[in-house]
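My questions all concern the structure below.
Letters are used for the chains, namely A, B, C, D and E, taken in the order the chains are written, and counting of residues starts over at 1 for each.
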Amino acid sequence: MRNGAQPVLEVTNLKTIFRTRGGEVHAVNSVSFDLKPGELLGVVGESGSGKSVTMMSLIGLLPSPPAEVRDGRVMFDGLDLLKCTPAQLRAVRGPGVGFIFQDPMTSLNPVFTVGYQLREPLMKHMGMTKAQAQVRAQELLELVGIPDAGRRLKDFPHQFSGGMRQRVMIAIALACDPKVLIADEPTTALDVTIQAQILELVKDLRQKLGMAIVWITHDLGVIAGIADRIMVMYGGQIVEHGTVKEVFAKPRHPYTRALLQTVPSVRGERAEKLNVIEGQPPILRAAPTACPFRDRCTLRFAACDAANPARYAVGPGHDAACFWDFDTDAPRREVTETADV
Amino acid sequence: ERGADGELKIIQSQAASTMNQYLSSGTKDINASSMVSEPLASYKPDGTLMARLAAEIPTLENGGVSADGKTITWKLLPGVKWSDGTDFTADDVVFTGQYCMDPAGGCAQLSKFEGIEKIEAVDPLTVKITFLKPKTNPYSAFVGALAPILQKAQFEKCLGANASSCTEANFKPIGTGPFMVTDFKTNDVAVFEANPHYRDPAKPAFARATLKGGNDAMSTARAVMETAEYDYGWNTQIEPEVQAQMIAAGKGKFVTAYGGLVERLELNMTDPSSALPEGERSTVKHPHPIFSDIRVRQALSMAIDRSLLVEIGYGEAARPTCNLVPAPEMFASDNTGCLTQDVEGAKKLLDEAGWTDTDGDGIRDKDGKKLSLVFQTSVNPIRQNFQAMIKQWWNDVGIEVELKQIDPSVFFGGDAGSPDTFQKFYADVQMFANEWDGTDPQAYLAQLTCEKAPKPEDQWQGENIPRFCNPDYDALIKEMLTTADAGARAEQIKKLNDMVTKDAMVTVPLANRARFSAVSNTLLGVEMNAWDSEYWNVADWSRAK
Amino acid sequence: MTDTTAAKIRPPRNQWWDVWDQFKTHKGALVGLTIFVAILGLILIGPLVWHIDPTYVDFRARNKGFSLAHPLGTDQLGRDLLARMMAGGKVSISVGLTAMSLSIFLGATIGVLAGYFKRLDGHLMRLTDLFLALPLLPLLLLMVTLFRDPLSKGFGPEGGIFLLIVTAIGATSWMQTARIVRGEVLALKEREFVLAARSIGTPAHRLVLRHILPNVMSPIMVSATLGIASAIITESALSFLGLGFPPDFPTWGRLLFDAVDQIQLYPWRVILPGIAISLTVLSVNYIGDGLRDALDPRIRGR
Amino acid sequence: MFDGGKRPLVEVEGLKMYFPITAGLFRAKVGDVKAVDDVTFTIFEGETLGLVGESGCGKSTCGRAVLRLYEPTAGSVLIDGEDVLAAPPGELRALRPKMQMVFQDPQASLNPRMTVAGIIGEPLDEHTTLNRAQKLARIYELMDKVGLNRDFANRYPHEFSGGQRQRIGIARALALNPRFIVCDEPIAALDVSIQAQVVNLLEELQDSLGLTYLFISHDLSMVRHIADRVAVMYLGRIVELASRDALYEAPLHPYTQALLSAVPEPDPNAETTRQRIILKGDVPSPANPPKGCNFCTRCPKVMDLCRRVEPEYREVAPGHFTACHLHNQTAGQTAA
Amino acid sequence: MFQYTMRRLLIAIPTLLIISLVIFLLLEAAPGDPLGEVPLTVPPEVKAKMRSALGLDAAWYVRYFLWLKQMFWIEPMHLIDTLFGTHLADDMQRVISFQSRQPVMDIIAQRMPQTLIVVGSAYVIGVLIAVPIGILSAYRQYSWFDNLGTFISMIGFSVPTFFTGVVLIVIFAVKLQWFPMVYDTTLQVTDWDSFTKQLRQMVMPVTVLSLFNAAQISRFMRSSMLDNLGQDYVRTARAKGLTERVVVLIHVLRNSLIPVVTVIALGVPSIFGGAIITEQVFKVNGLGQQLILAIHANDLPMVMTLTFIFAVLIVLFNLIADLLYGILDPRIRYD
């Protein structure tokens, strides 16, 4: 049913670089994906793979300089966000796209009350008066499960625990009923028990509000629990993408496979020895001309050094950027063919 | 017409700290209070006396001074009123004497009342002063800006130990002068209004006056000569070139008056060596090892180009001199021998004295001892320029000089505990300026007698700074004490002057410094006076129309 | 893979080289350093080339403008201004450097002690507060009047007053550094590498020297560069109040102060020392900026 | 498994670490942060004891107090029979080589201004009298052991990746041939793909050098992998301690149960069916712990008793300790 | 908060006592004599009498305790007397200046207005200039504006005020004759005319001082802004769709002001200390000049009282700065 719907967010060929003293850093390379209404898209990948930069590029939240969005198209609501005026962009932030950031400790302004920070977007985008915003802010806090919300609106962020601050962040992101919610590692800094609370909350909210969500995380377990589709990033690119069930059952990129194998489990079999992805993530000094994973890949062969693999379809709604065909356990035919030419 | 010319604005390079002269010897304060308080008689610019609150100057001829010189009787001007409207009477004069002579009062002008046996009011308009001994110069008490009359009614409670705590009276004394104080901020500003009871109904021309304290000569001069914010600037001693620049601005002029102020070098006749035990340094026990030879002293003087010093240091504000007593005219010796520099002569004299450069390092030596001097003075830009120049000249004749500068409050502070006072003179040469009060330099010259050499026993409080000692000189001073004849006195003064300068060269006069102030072009009636307050005739000042 | 075994083992490299590498990339700092070195060169090497004695009075050459014999002209006594500027610079910069070193030494020592040893903290901070609350000027004045003589006896008039001024400025300006350093040390003390060193059994003094001090270098360096500037300026202010060096002893502050009266006649006499002071202060500040960046491993790491 | 056969290396008895809270006009002490409150456990030679719990529950404090990096309020710690807490400073220094620590944040635990050689060599400087060459040889040996290229000896910490940095920290800890290492969340700051490298290294080293670990972590799955026995801490106390399998398969304490159920599983099928125990509310402050059982404010199985009486920490099954009223009867029975 | 304040105040008492003792002993140890200005003609016996009239013949600790008593007991009572017309301190000896023999507090009260007006308004103006400059140069870091600002503030920092003061005088008082060069302390502002006059005479000293102040404070402001611009919460604010103005001027500024406000508070005592050099240059004759005069004249009670008041202010404003920090920053709790 979801497949048929028109995507709310469509990203094509996004490229973002940073200009640093040491030269350019190609943090995001030709990233394309889409997001359907009411869907939860999980994004995983190791640290530095470009997850955050990708999402922040979408609505121009990267500091510029040093960041620069080189190329691409981000269609949201019939609008190309990359070509918007700052004012148009501001109108999208909040009501269009809500953002939850990774670190709940620093993402709230320490000198304003939670109520103030919640009212701000309400008054700006929803045209509410202060009194109306106050009422709505209280509702929002209640929605994210903060007890005694009316009183706590007067509190400052430091008076909240980490989990509660993250809920406040969620409430702020939800304030203007965004069509898309981008959650950038919202539970990484939290304890498992608190993380479980937040995950429950999000599941709950999704049912109630039906927004589309992008959920960034390191933790494959989290994704497995809540996402519909998953996108694996590596070296600034999407290396695999598909429905959660597909990808977890049949990972079609060596990185995804390795990732799934490195993680020990609390329940299943206890491995005697953990699998390791040897080596370091690539340094993104230039636009990639070869597979970014090749240095750490156990299946590396000549083609990997020659070109950067495209995203090959490997199943229904499932694609992977790898020259290796896991079904046949041999290099892809496309590669061998082009190699002949 | 009184009050027609608005406000008179005076700026002084130092602010007044009190309006009561008897509690301060600073010229800044004396100037300020002379606008309000008046003496019986004061000095005119030429040094002669003029009656002020007295009806006339008492003399032998008019019987005011007794033939034995033991009394002087002042007749007061009738009809004079204090600024509060009460009458000025002989009682006030008697009270003022009592006030200053009170031993507990710490009167700064006590010397003016020296030798007085009693002061009595013969009648409301007559005051008679009786001296203990006959006085050759009886015009001391109540004469000059230093010794004005205080109002008895106001100061009655301020006798003795209470003197200094009577702030209200000290800051706003009631006077007979052209102005009266309306506001006084110590060390900042004094505001005056014309005295409604001033004896001349047409004066003063100004309705108000402000006396502001600047903090330096430069800005004082600038406020009059360049920005014309002020009408009169007291003590604008600045560099000659800047003087010229300011004159060129065309807003005012500098006025000068030469008194007895002489910038001079004093040569230590005793040994200041720090090798000596404390208490014997710079005392007559040890004669100076170098300066005991007069040829060295003369050579030092000959090496100096006084005109150049004045040209660079003072410009219009001083003139070269060879005298310790350069003014008034009648006392000034015709001593001009030092005015031309004679470097060769100086070298020759030093050679003769046995100081020769044996080791070729450019510094003369004798018996293995270098001709090396310590030259100290107070911190003051002009003095430092002088030091640099004199050092250069002395270097040129083969003398090594070490310069030393001491904070003026320490140098002149008289603190027996400090090694840096000019009285202790822990140096070979020092430079400062000095003058005397009034016109008669007798007491001033008497400071150079042998027994006045500063010594530790009396806390170094002697005035014979160079520790000069010549029995003939002391004898002449004694003789002078009994000489009444003006002509003879003048001769004696000249002789004494020559004995310390030309003959002995213990005091090396450099320049006779003038009082130097700035006057705006719009201010009329200013007549510079070196013997009294510069504002002595402020009642006559007026605004150019 | 990442190992490049072929490469020979790099020779041990002093970390100051890394600092320098980073420093080189800071344009302002490089310009500042060049200027500062040029000034130092002028002051130190200049007198070897330019032989005129700064106190030599030349009556024939009074108030001269720029000429070959006197490139910067002469003053009212015919003293060569170039020579005086060089001599003055030597004093001003030595005052700046020495006073700064003293104040940094005091500040760093007290800051480190207070930050590291909890027992001393209260007392040392009280002492710092006390010094902060002591009015500076009377203190300086008193020090000058009290100690000028004994010191002049021991070290000569110039040496004595130099020591005095340097000590006076140093002893009254360390408090800010102490506070900053203390704060840094307090934070640093909680860092895990300090704990790691303690778990090894490193005794306190070595811990301070090896782990704490090198890591508070950046704030110290910044205070140091600011310290040089303010010491030079304080010296000139002291000259203004008549408390500084003997009046015939050239320093930049004194030259500036002496020439202020003639600003309309000979503006360059004011401007030259003014520029010298400003240039020094500016260049030192930019050097400080660069050093701060260069000493910060996070920045250097990029 | 690890029954009585093994020799206890570390014996912690009644360890308390209180941080005073001061207030009022004269900074009087008004209370304590009971960061570690009466903790007792034993670690046997060659084993790994996992210590898990939520942030702020006192894991790090406990680890540090054991090594006497803090001065504990009460209790005793015997390491290899020697009382660490009672040792005077000189002796303590001599004991240091025996016990070492690996820290949570590899970035923060390395002095940014020292080279790798300097960092690894520091313990050698402090405790040995090796000459330069010997020292360098030892440093290289250690670097080889932890899998660092010898070329890196002159580099600075910032030039390394997180995993490599943690290796440096481990090499430093190994320098003096310790018997016992406290690993305070050695992998928490590392990326998933690198965590495994470090954990593997630690395991290898344990095998080859016979090390004993106290492995502090909040990552239950990693602890399951590396630890032989596991202790669960909550608010300054150990609520449950058991062998790994016993704890993961049959947790007794409600908190342990909740903790385990909250860990998400990277398996979408399992995730959809799994039943979570969601704890309500936040951890109370250790400065003001609740009366009775510490966990009573969040416990899904809370009883009246829990709010009044503090449960006793006791052995409810062989080698399985817990502090919960639910298991008191059983404990009583076994004891009887 | 209250307890914290009380504790700080309690600690301040011994600190201040020690400071007063230190100052007193230093002044005692310094050479120089309050009678140094008394002419040499005054005989030693009289001098001795004057000395004892000043209380100088008592032992130092007696005089110290006398000063303490006068300062903390008599002067406050006198204040009550003047405020409420009571007669508590009628026959008691107040702290008297050696120099002018006037009660020290009266002189201070007399000079306070000009110091406060000139130095105070310079401070306020300096702050008002500095804050926007700091904000802008941080927001546009490394722009030409920032570089220029840095450059100018360094110049402002490195050029002594006696130089800037004289330059201003030469240009605006001598050449252009726009402003007077001598400050008139007797001017009473009663009407528009005298008001403009007051303004005119304030322009130059205030400019000199505020430039100097602005140079320093703008540096603080800039670095504080820079610190905060990089914080995560700024990104959050932007993600809410707020305008840059709101983000910078409300979210960032509010946080950046916290350290700056305390720096500003710490600078306030220097207003009372007066700007010694600037006061000299423009003849403002305020407290700074009074201090210098008193030091030169060995006026012990005056120096003592002035420096002590200054110390009290420093301690007080240190406390105020800390409390302000606590008020502005909700994270800080003093208890």
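Convention: a contact is a pair of C-beta atoms (placed from the backbone, for glycine too) under 8 Å apart; a residue touches a chain by one contact, two chains touch by 3 or more.
Everything numeric in this text was worked out from a predicted model, so none of it was measured.
Asks: Listed by label, which chains are in contact with subunit B and with subunit E?
Replies: For subunit B paired with subunit E, the chains in contact with each are C, in label order.
Asks: Tell me the fewest steps from subunit B to subunit D, where a step is a jump to a chain it touches.
Replies: Tracing touching chains, the least step count from subunit B to subunit D comes to 2.
Asks: B-C or C-E: which has the larger count of contacting C-beta pairs?
Replies: C-E
Asks: Cα centroid separation between subunit C and subunit E, in whole Å?
Replies: Roughly 26 Å separates the two chain centres.
Asks: Round to the nearest whole Å and give the separation of the Cα centres of subunit A and subunit E.
Replies: 55
Asks: Distance between subunit A and subunit B based on Cα centroids, please, to the nearest Å.
Replies: It comes to 91 Å between the two C-alpha centres.
Asks: Any idea how many Å lie between the Cα centroids of subunit C and subunit D?
Replies: Averaging C-alpha atoms per chain gives centres 49 Å apart.
Asks: Send over the residues of subunit C in touch with two or more other chains.
Replies: 145, 264
Asks: Could you list the positions in subunit A whose residues touch two or more of the other chains?
Replies: Where subunit A meets two or more other chains at a single residue, that happens at 278, 280.
Asks: Spell out, as numbers or ranges, the residues of subunit E touching 2 or more other chains.
Replies: 31-32, 174, 280
Asks: Touching subunit A in the complex: which residues of subunit D?
Replies: Touching subunit A from subunit D are residues 54-55, 161, 191-197, 199-200, 203, 218, 220-222, 224-225, 248, 258-272, 276, 278-280, 282-283.
Asks: Would you pull the subunit C residues touching subunit B in the complex into a rising list?
Replies: 55-57, 59, 62-63, 76-77, 79, 145, 149, 153, 157, 242, 246-248, 258, 261-262, 264-265
Asks: Inside the complex, what are the residues of subunit C that reach subunit E?
Replies: 126, 129-130, 132-135, 137-139, 141-142, 145-146, 229, 232-233, 236-237, 240-241, 253, 256-257, 260, 263-264, 270, 274, 277-278, 280-282, 285
Asks: Using the touch definition up top, name the residues of subunit B that touch subunit E in the complex.
Replies: Residues 11, 15, 17-18, 24-26, 103-111, 161, 164-165, 167, 170-171, 183, 185-189, 191, 210, 212-216, 219, 222-223, 226-227, 229-230, 249, 409-410, 413-415, 417-418, 458-459, 461, 463.
Asks: Within their complex, state which residues of subunit A touch subunit D.
Replies: 46-47, 161-164, 191-197, 199-200, 218-225, 244-245, 248, 258-260, 262-268, 270-271, 273-278, 280
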